[in-house]
Amino acid sequence: MKTASFDDRLPVFDRVESGVRSYSRSFPKLFNKAVGATIYDEKGNSYTDFLAGCSSLNYGHNDPDLKKALIEYISEDGIAQGLDMFTDAKEQFLSSFETYILKPRGLDYRLQFTGPTGANAVEAALKLARKVTGRTNVISFTNGFHGVTLGALAATGNAKHRAGAGTPMAGVTRAAFDGYYGPEINTADLLNQQLSDPSSGIDAPAAIIVETVQGEGGLNAASPEWLRQIEGIAQAHGALFIVDDIQAGCGRTGGFFSFEEMGLSPDIVTLAKSISGMGLPMALTLIKPEHDIWTPAEHNGTFRGNNHAFVTARAALEKFWADDGFAKEVADKAELLADRLGRIAQTHDLRLRGRGMMLGVDAGSGERAAEICAACFDNGLIIETSGSHDEVVKVLAPLTISDVQFRAGLGILETTFAEAFATRNSAAA
Amino acid sequence: MKTASFDDRLPVFDRVESGVRSYSRSFPKLFNKAVGATIYDEKGNSYTDFLAGCSSLNYGHNDPDLKKALIEYISEDGIAQGLDMFTDAKEQFLSSFETYILKPRGLDYRLQFTGPTGANAVEAALKLARKVTGRTNVISFTNGFHGVTLGALAATGNAKHRAGAGTPMAGVTRAAFDGYYGPEINTADLLNQQLSDPSSGIDAPAAIIVETVQGEGGLNAASPEWLRQIEGIAQAHGALFIVDDIQAGCGRTGGFFSFEEMGLSPDIVTLAKSISGMGLPMALTLIKPEHDIWTPAEHNGTFRGNNHAFVTARAALEKFWADDGFAKEVADKAELLADRLGRIAQTHDLRLRGRGMMLGVDAGSGERAAEICAACFDNGLIIETSGSHDEVVKVLAPLTISDVQFRAGLGILETTFAEAFATRNSAAA
Amino acid sequence: MKTASFDDRLPVFDRVESGVRSYSRSFPKLFNKAVGATIYDEKGNSYTDFLAGCSSLNYGHNDPDLKKALIEYISEDGIAQGLDMFTDAKEQFLSSFETYILKPRGLDYRLQFTGPTGANAVEAALKLARKVTGRTNVISFTNGFHGVTLGALAATGNAKHRAGAGTPMAGVTRAAFDGYYGPEINTADLLNQQLSDPSSGIDAPAAIIVETVQGEGGLNAASPEWLRQIEGIAQAHGALFIVDDIQAGCGRTGGFFSFEEMGLSPDIVTLAKSISGMGLPMALTLIKPEHDIWTPAEHNGTFRGNNHAFVTARAALEKFWADDGFAKEVADKAELLADRLGRIAQTHDLRLRGRGMMLGVDAGSGERAAEICAACFDNGLIIETSGSHDEVVKVLAPLTISDVQFRAGLGILETTFAEAFATRNSAAA
Amino acid sequence: MKTASFDDRLPVFDRVESGVRSYSRSFPKLFNKAVGATIYDEKGNSYTDFLAGCSSLNYGHNDPDLKKALIEYISEDGIAQGLDMFTDAKEQFLSSFETYILKPRGLDYRLQFTGPTGANAVEAALKLARKVTGRTNVISFTNGFHGVTLGALAATGNAKHRAGAGTPMAGVTRAAFDGYYGPEINTADLLNQQLSDPSSGIDAPAAIIVETVQGEGGLNAASPEWLRQIEGIAQAHGALFIVDDIQAGCGRTGGFFSFEEMGLSPDIVTLAKSISGMGLPMALTLIKPEHDIWTPAEHNGTFRGNNHAFVTARAALEKFWADDGFAKEVADKAELLADRLGRIAQTHDLRLRGRGMMLGVDAGSGERAAEICAACFDNGLIIETSGSHDEVVKVLAPLTISDVQFRAGLGILETTFAEAFATRNSAAA
């Protein structure tokens, strides 16, 4: 097909695509190319990407080594779709995951290749926890996000997404996340009291599922102490402890897992987003061997054998996780990020949210946050919001972004905040 | 990583992969390459593929034109993961879908790019139907398969998959598929009676979801008359009519949709499996414009913007569906298939099942069917079973398979059936 | 309080009672007295009662022996409310139930005194069946009525009642009652096929619950053969077989249980309505000893010790069930009823419905049936409708009604039918 | 039937009654008579009743005026069972309820006569709230008890009762009752935060249902301030405010309703237990007129017309609630009770629980509480426990108990506590 101008090409989206699309409303350009932390539109304009595919592009767009590995694989007629058959690409991914991720961390997990979406990995985790324990109740947390298929959606907090179900959802009890009721109240104690009370009305749980940093719920970061307490509560009450590491994992918060060096040992971990390294659909449910009681194909899915993703995933593990160099780089960038966002927050008397390279500023309201993101986009920066009221301006830059580009992007952000608050300040003056 | 021998490499699967894997149990080889209808293992042995990624590889493995388009796209740093932003690749896919699929068939649908799994497309369809109608009940059919995430699983019939839920599922009422109770009973009449009776206990449905040919449930093919009656029942009772065309669509039964030339006009159609053309994860929910009432992002999913798949999907539409040449070829192959399987069925007094290039032979029992598939694999043919008791040997060859290879594969099948039944015959003699 | 005239007294109902009341709309008189089959309004008008408290007054109003026993009991300060403590009245009821009901029929049941409503007895039955089997699904039938509390309502077919739930209900799968699809189709075979098919989508049931005659659902009487087949299906599939005998039991269809002499042995039987004999609230769940696995108070309810009802219940058992005299009388009356209703049905080419003293005529439409009942009331006969569309005029006379009064009532009915159909006939002429 | 000795008569319970019975295990005597606050066993032993039918006998056993009214009614062939037809007895009850209860308190409610159990009144309340709001979620509280039919059980906290369901229950979200997390935490604030947060995962509620004093959950009494805040939260979030006054109402806590003089105006109130005055089964759902949107018979139940109960209920209203004399007497008795239990609590360093004539002492453990109750019974006092661990010894004496008998009973209790704690004290010394 020939290339028409954007004005000619835009209407097809309105004509043929469902109104459910969302990001294209904030960033109404036709994009056609992307490298590293930069996306280009068809007119050649470039944008710095502080969204990074919602953290599915932690290593940036089209990393040259991943790209090379994939092109080679395709060129040699490597298997694209392998269901759950043994393939070369899968074997190499498994081996590298064992070598670079599991062994060095002393972890013992079985990998379930679920349908290649995070929601599917969560569905598998919850199903398995119910099967293992013979219980149906699952504890999830305020502001948690775990996906929008019915089983995962039941565990998700967001009212708009929940309304999409069109039917009441069951099987999940909501507990308050760390700090939800303010610093005075230890919400883990509240949960423990309820689970310890045979008359509380909270049914004995199959699992407690938690994000260490709530990516969609407002970049709320749980403390290691609180997470350890939650894990202990799960154990004490016979429930599996599940960490949904889909957004916070794969280096986003520093280590490969977001819970490293916290002394945690989750029964199940879900991974997706950046696991393939190049943004290709892939999801994993990591299961402690003693819980891996699935019968063959009990949970299945046609695309669980997306071998292209296995190829790039392996390449990513080899490139970024064979030693601790990358983790250190990420730590440095996270420090820079904390400094710069901290300055913004301090200047405008706002709260910082999040952890590692998953940090944001609570702009005080969804309106102001949206306004700031829109102004950023006008200045060539793609950035989005998070939180109950979309009030947090969230930086999810590629972890591989160069310092120069990172500083430039943060500069745009700082200026935009300043301009946005100038009106208020002047009005208040 | 270095390449070890298979004996060295196999154990990683046992060590690190979940026991949920299934096809690798039937085909315990390490595969590393595939072209057209042929898969190769690492020792260079070739196998004819009558499984075709469970119909997700209708155009065969690594079709040269699709492969070329994809390599070019990646080489030029085309966007891999675009969330639901406007991208060049998506625009071209939408335009070609409009041009080659919708317009020629006089169809008007909005395309929702759901998370790239069939289950996710079904979840979106059911959620939307509930939202549109304000009702919660969904009618699905005996032996239906719609996926294993909780919302889709509720509509799925298979007990093993249902057991995986670990919790009771709600919101779905089961009706009998066409012919379920034998030729004497019109099951659509039964359903209509129940829905017309205010005291039947069947709540007014949001939707009736049906496969025209039940791919997993035993290759049961519904008649056009029955499908039209079901559509009429849906309309009469205020329910949306949903065709799950994930396995039967994309040419598998002849036309692009499995319900073409039947006079049907589904409110929602789900597509996945072969829509990307190359086996890459992609799924679509097609929605009549009047039902496209989603709010932005109400149903979302990180990988709904798998642009690699959009590229190959567009290439596939242009190559295979720009005119009716391919459909005619498929019709010819389907005729050959019907002849050859018909001969097998007649010889051994067995029943033929299915339609188009989705045809099988009911081997009488799951044990015999498994035995036949195993023997075929020993002879270089990959083929699988289907049905309540896995009793149907199911041919899902690539639609692009050459006549020579197709006949050879069918020859293996015929011989294997003959050998399998020889024992019985001799025993009976 | 002083007695005001009816015109003065009626408004309090509109002012203070909920609009949920129903029978008072059909019979808008103020009733103050009742003996046997006769009810009196405050003006002294008498009405023959063919409704009998919806079969909760099988022995008529204020039977002299029951009344005497109750007055004596109260006069002597017998315990009215005993929770589930051992009381004299309860002991005597249990002994007489054992002596007159269980022993002569060779039955071995444990009696659970549930909250004194039929719905509560059904709730207990379903809960226990789920507990015994560890399964959650329950099979109930089209047009079945089992009560309107949430657990029982899930098993009830009527759409109006179901709508009252205000929430979707789960845990029940609907099967077709005997004859539901006409005489050609054996609906038990359909159910058996579904339960035998691991891919039918019908989860293995905890119980099958059935009324032998559907009192609210249109007086559909199941055949003994069909019921035996259903019981066999329950056994074969590991489900408990529950007979809800709340409306059809206590002599209404001839024997004490509606299923006597059918060769059935239900695992659980529910009784309510006429069990107290005098219309006092009482309900029983009869449980085979091996299924009586309740922990103490696991299912409870304040009014499960309504000792007044135990007193009248015992008196009723002694008076009516110590020998087979009463059953024979009922059989004679049922014959008379069948003759007279048969004549009506034949004359107007209508269908007879029901069994024993639970018989009715399908008037062809709810409108006509309502019209006939209204005209009967004008002539001093209280009678109501039943069925999906309230199309069946249902005779539920006290079983103790005198022949003279019975014939007189039936005479009113016959005349009313004749008048109602006269218009139609003359119009058709 | 002749009267056998107790030794002869006891076995029938083991032989024929379900093991679900409970109170008879604590009080294994055969009772045959009761007057006021005294129950007699068949050997003529008398017991003071501090259980009072779990507060269903607030006016004592066989109050002479209620008994007289009932005997007269029965003697004159008053209607026993009237379904929901207009009867003299019902009219008089409605009028007296309007005159003595509603009007003096400035209340405007419609009375729904539900099936005569508290659970049924709760089921009706929840169904109606869902119907009125079009929402399904209901907020109930930790340690709440609302009955054991499936809809009510979902709102009940007790794990043993919940386990009886045999199936997961949905549609209820649990909030923490007043003081649940200790005096520092205002649990109403926690609930409000969750309901105000669109991402908390708590679906917008149809209703908030609360007991002002949790009768089964441990005599936890909510403060008026907390209750007003909860009512305000319900209003602010579009939910109905339901007070379940089944155990705390009918004078138990002083006024006719437990929430009088608190400035509350519940949308729905449930009553049962003592509403009939004599322990006869009766239940009411009081509905603000604007919410009375039931269609006729949408919620029904055969025994909703238990006219015997209407007769005694009217007599009780006239005798006890025509002026404020009774309420004052109850207040005096409550003061006495608080003094005496307070002394016990102080002596043994225990906590007092409850309010009005619904007061208890937390004995520290279920074992000790059971021991105390057993010892009381040996001394002629019937008393029971309450609470998550059955740790509260609960006084539910008839409100009409004479001072002499009340003091005597409390004396037994005091002595028993002293003896029970003597061991501990001596051991500690």
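For reference, chains read A, B, C and D in written order, and residue numbers begin at 1 within each chain.
Everything below uses one rule, namely that contacts are C-beta pairs under 8 Å (C-beta built on N, C-alpha and C of every residue); 3 or more make two chains touch, one makes a residue touch a chain.
Please read all numbers here as calculations on a predicted model, not as lab measurements.
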Fill in the blank from the handout: Neighbours of chain D that also touch chain C are A, B
Practice task
Please determine the option from A-C, C-D or B-D whose contacts repeat those of A-B, over half of the contact pairs being identical by residue number.
Solution key: C-D
Problem - Centre-to-centre distance between chain C and chain A (centres being mean Cα positions), rounded to whole Å - result: 58
Problem - Length of the line joining the C-alpha centres of chain B and chain C, rounded to whole Å - result: 50
Fill in the blank from the handout: For chain A, residue numbers touching 2 or more other chains are 136, 160, 167-168, 170-171
Practice task
Sort out for me which residues of chain A touch chain B in the complex.
Solution key: 1, 9-10, 12-13, 15-25, 27-35, 39, 42, 51, 53-54, 56-57, 61-62, 67, 70-71, 74-89, 91-92, 94-98, 102, 109-113, 115-120, 123, 126-131, 134, 136, 147-152, 154, 160-161, 163-168, 170-171, 206, 272-273, 278-281, 285, 287, 292-303, 305-306, 308, 314, 318
Exercise for the section: Would you mind writing out the residues of chain D in touch with chain B in their complex? Expected result: 167-168
Handout entry: Residues of chain C touching chain B in the complex
Key = 136-137, 140-144, 155-160, 162, 168, 170-174, 176, 180-181, 185, 189-190, 193-194, 197-204, 217-218, 387-389
